[in-house]
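This is the structure I want to talk about, given as structure tokens.
By letter and in written order, the chains are A, B, C and D; residue numbering begins at 1 in each of them.
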Amino acid sequence: MKTRSAGAHLAIEAVTKTYGKAKALDAVSLVIEPGELLALLGPSGCGKTTLLKIIAGLIDPDEGEVLVDGLGMVRLPTHRRDMGMLFQNYALFPHLDVISNVAFGLEMRRLPRAEIEERARRALDRVQLSAYSGRMPRELSGGQQQRVALARAIAYEPKILLLDEPLAALDKNLREGMQMELRALCKQLELTTVLVTHDQEEAMTMADRIAVMRAGRLEQLGSARAVYERPENRFVAGFIGTSNFFPFAGERSTGALGATIPGRTPGGDALLAIARDGTLPEGGAMVAVRPEHVALSVSRPAAEANAMVGRLTQILFRGAHMTAVLRTDGGQEIVASAPADALPPGLAEGDAAWAHWKAEHALIIEDK
Amino acid sequence: MMSRARADSLSGALLVLPAIGFLLVFFLAPNLLLVGYSVIARMEAGVMQYGLTFDNYVRAFSVDLYWLVLVRTVRMGLMAALVSAAIAYPLAIAIAQGGLFGRVVTLVVVTPLLVNVVIRSYAWSQLLSRQGALNWALTNLGIAENPPQLLYTEWAVLIASVHVFLPFIVLPLAAAIGAIAPEIGQAARMAGANRVRVFLRVILPLSVPGLAVGLSLVFSLTAAAYVTPQILGGNFSPLIGTLIHQQVLALNDWPFGAALASLLIVLVLSINLVFLRGAERLTRRWTAGAGN
Amino acid sequence: MTIKLNRRTFGKLALGAGVAAPFAFTRNAWAQGRTITIGIWGGSQGEFIKREVIPAFEAEFGCTVLAEEGATLANVAKLRATASDPRFSVMFVDDVVVGLCKEEGLTEELPAADMPALENLYPEFLYEGGYGTALGISLGGVFHNTGITPPETYAELWDEKWAGKIKLVSPNNTPAMFFLIVAAAVKSGKPFAEAQYLVDDSFDKVAELRPNVQNVYDSGIQASNEVAQGQADVGLIEYSKYVYPYTDQGAPVTMTYPAEGAFAGTNCQVLVKNAPERDLAVAFMNRMLEPSVQKPLAEYALIAPPISGLDLDEKTLGYVAYPQSEMQARGLFTPDWTMINAKRAEWTERLNQIFAA
Amino acid sequence: MSNLTRAAVLVILFVIVAPLAVPVMMSVSDTPFMTFPPQGFTLRWYWKVLAEPEVQQSLWVSIRLAAAAAIGSLILGIPCAIGLVRYRVPGRNAILGLVLSPLIVPLLVTGLALLQFFSLAGNRWTFFQLAMGHIVICLPYVVRNVSNSLLLANPDLESAARIMGADRWTTFRRVTWHQIRPGITSGAIFAFIVSFDDFPISMWLADAREFPLPLFLEVAIQRFFDPSIAALSTLMILLALVMIGVMEALLGIKVRRFAG
């Protein structure tokens, strides 16, 4: 018997939800392609879990529609939506053993006994827990429990898999292994998957695309790489990875797409940066520079357009790389990170140093 | 020098000692004495005879009256427990969901407990009698003409017992249901279970520990009641407590009263054991060592 | 403060108290600060004793009288329970158990010399050769809602038209014994005096009444209240003292005495053996028999006094059989209590088997 | 919760409250005997009941008794709970079983057993007997409530106080006491209510001098012919509502501990 071919097409249309006066979701729209793994990323309270529960039917939206393969879901009760879900606390049925947990969804579909057993075993095989089928959930480790939950969620071959911070309760090493395992399985089953997480690394590791959310609105939607390298505003740049931010005043219009724009910081330092669409944003503009793009040197570098001088306040060893903090006379702090051997030898805390970066790594973004 | 552990258990023992001593003297000793009295004395033609005897128990089981009343006591206790359980689930679910509604439900459910048992029984008697409020309402709403009287039947006792002992099952159930993570129910719904099946397959089995406590409390309290059967049962359907009272205070047959009282203790303890052990066996696999 | 007096002096003082003016406070200083406990009944009778008789007695003697309410059998049980170390001094019981108490050694003979009020007592109301006196006589019969036609004979009550409309007295109360005698009389067609010895064979007749019985009641007052409300049509058998006071207040309930005959319900007082504060107890018992207590008690509780020479008001005479000639004219029946006491536990069990099983 | 469940809950709540409303309605009937529906309107039965000396006496007995039971069970129960929760006591489960068993053994039987016990012991002090009986049945509530709040309290706070130099008594007074005060308050309230409402223990032990209110009520409903018993019931129901209000204000939702 062949596993289901492709996942469903999932569309979210102008979904709004308010609790009292607070808008949890403000007209959010999204399209998720069949077989795609999309991460909803944002700080707690941004509305990502609310959106996931609206997709699941655990919460009703005030307005808007959720479409699965073009079919409206909002009026359909949860148990008829044919989706699978993983929860942060696993949510295994404590009174049922592992195989009965996995078989639960199949039983709800009133399949013949033999088929239930067959498919439950197969799902358990997929997560490599066949040996544990008679155990009770409390006898398993956290990672094993979540894999049982995964087997339970895929056993009845849903069209859509919803993941609600599924790995948040695991410790770091286990989590990283599970991220890859989970992604591999979703891809193998070609499941349309929505992952809710507040962990940007997890989102980047697992997702095809990331939807960054803030205060009930979608801030940016794109591939992990696009979101990391081309954040649209200060919030996205700061939430995904870390960035050095410089207030920026420059010419308002300077031609071609991706052209560099000259400007100055309030401290008077000259600054060259690039704008995505060739113009400065309507509101305030900031320049964001990733720490890994900042280099340090003892003397003023000749080639670089952007260079600032200051004193090193901290040098931290972080294993694969080192992080150094430089404080300019104007009070601006600049964080640089580089492999340990890329730092100029002999630099110590308290020394004067130059920080410099290329213009193409200085991105003009909206200050919001 | 005393080890720390020994000093600790000594201080602990000193702290619990007054309560233990008190209960040994004023609870355990009197009850044992009472049970003992039922086998060392009997009443013969109004005269007390001492000496080891099982006559009181032979009488309790050979005269159909006492046997029937014992059976009725068990039946009434079980019925009250089951009816309460059925009513308790929606209430417990409402309480477990919390919020203002849950709070209001809690308060209303607890109210009868704080109204004295005599007043409560009296209120029911005024409601259930032939010219009472219930029949008045039924007649005037045109629902029934000349409705039958519920007062002085076993039904009246059952209704009033459920009314007052309901909180003893609702609250443990609410605690058990409240302890179920909401995600468990959501997971069941995601897996395709409708509300009824979520209840039957998840809520019901997971509430078994609370249910067992509640059932045994309602059973014990109903079976040992005196006031409610006396006021609402009209002496037609006395429970064992009424007979104990009559033996001791009206007929002065202390040994036989003690024997009936001992039977009541055995009855209540054994049903408690059945309920609680049964629940423990059902849930052992998933609760044992929970919290580790 | 307690002033100790020896027996002889106290007797004279008590006697003095009886004939002296009611408020001779200083005369009774010997009782100052003492306390006796007495067992009384509920109902109007108990109410009057609690409200009127006891406060006046306490004021006069400077003592405290604690009145504990209870039915006859419960009161006897209390006497037995405390026999070795008596708590009660005076106990009010039905005539049914006066002999029983004497036999069991729970009571002692009244000191006639210290009870001048005994003089007016009708001799038949001094029991067991001086082990108790009557306090009031009420009539045992059927009570019914005034809105119905009462039964003319007891036998009628077995008719199915009374189905579910009868309240029956509980075997915990003495009138249940009257009911057993009625059942025997209805079955055998013999008068009460003979029928009472046939009760053992009449329980089939008792069982036949079961469909007509709505409930078995413990409290005559509550039962007559419910009959007044229309919950049931009739109640049997009850002492008139529990019913008439409410008839008098206008409640739609009254008594009827079917053709087979009426019972005498006699309330008595006995002196507890080794009673605490015996002298005070005797003074109290004496007070209970004085005309100053008996007349208002009779008129309040609507019971017939056991003493001669009282002028009861017109209304009261409508409810009670008084004087003695009137009692005799009505042929009030008093059962053979000695026989019944020996049978009572057995009969109670058989009644329970019929109505409670 | 579905609308169906909610509707069922509302119906049940109505049935719970409805019978308590009947005596309230009957208490104002202007007739010398009770009747439904009530006829006319009067408050005189309330004055009659409140002026009743026996009502006042019984109420006073019940208040004294409930206070004695609450205080007695606190004195025995607080150290017992601390010993059971915070110390290694040998036979802990057996002790816990003993402390909670008065809830299981029928009260009616315990009352009878105490009556026999006291009469064999020659004790004649009724108030003492009643108080001992009531402490027996109140103790489990106190121990359970105090234990619960001890289990919820953070034992590290006590360790911290000990490390900073407080002896055991000071630690109890300055730290533990404040942590378990809610448990003590609720235990005391429940003990008071349990004693105040007790019938099956008092039924055997009371006498004329010490005649608690529940017993008086039982006599009264058989004796009072007029609506004054309904008036008395109404007053008792109001009292219960006030107690619920106090409990809700003091303890919030912890009311559930009463039966849990």
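Convention: a residue touches a chain if its C-beta (ideal position, glycine included) is under 8 Å from a C-beta of that chain, and two chains touch if they have at least 3 such contacts.
Everything numeric in this text was worked out from a predicted model, so none of it was measured.
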- Both-way neighbours, i.e. chains that touch chain B and touch chain A: none
- Give the chain pair, either B-D or C-D, that is connected by more C-beta contacts. B-D
- So what's the Cα centroid distance for chain C and chain D, whole Å? 37
- Task: Please compute the C-alpha centroid of chain B, do the same for chain D, then give the distance between them in whole Å.
- Result: 17
- Task: Go ahead and note the Å separation of the Cα centroids belonging to chain B and chain C.
- Result: 39
- Note on the structure: Distance in whole angstrom between the CA centres of chain A and chain D is 57
- Query: Hey, what residues on chain C touch two or more of the other chains?
  - Reply: 218, 229
- Note on the structure: Shared-interface residues of chain B (touching two or more other chains) are 131, 248
- Multi-partner residues of chain A (each touching 2 or more other chains): none
- Among all the chains shown, which pairs meet the touch rule set out at the top? A-B, B-C, B-D, C-D
- Task: Provide the residue numbers of chain B that touch chain D in the complex, in ascending order.
- Result: 5, 8-9, 11-16, 18-20, 22-24, 26-31, 33-34, 37, 87, 90-91, 93-95, 97-98, 101-120, 122-124, 126-127, 131-133, 136, 163, 166-168, 170-172, 174-175, 195, 217, 220, 223-224, 226-227, 231, 241, 244-245, 248, 254, 257-258, 261, 264-265, 268-269, 272
- Note on the structure: Touching chain B in the complex, chain A uses residues 56-58, 77-85, 87-89, 91-95, 97, 104-105, 108-109, 136-138, 149, 152-153, 156, 162
- Where on chain D does chain C make contact in their complex? 32-35, 54, 119, 122, 124, 207-209, 219, 221-223, 225
- chain D contact footprint on chain C (complex, rising order): 37, 42-43, 50, 66-69, 81-82, 85, 87, 218-219, 221-222, 224-225, 228-229, 246, 249-252
- Message: If we count contacts the way the header does, which residues on chain D are in touch with chain B in the complex?
- Response: 1-2, 5-6, 8-9, 12-13, 15-20, 22-23, 25-26, 34-37, 75-77, 79-80, 82-84, 86-90, 95, 98-99, 101-102, 104-110, 112-114, 116-117, 120, 132-133, 135-136, 139, 143, 168, 193, 197, 199-200, 203, 213-214, 217-218, 221, 229-230, 233, 236-237, 240-241, 243-244, 248, 253, 255-260
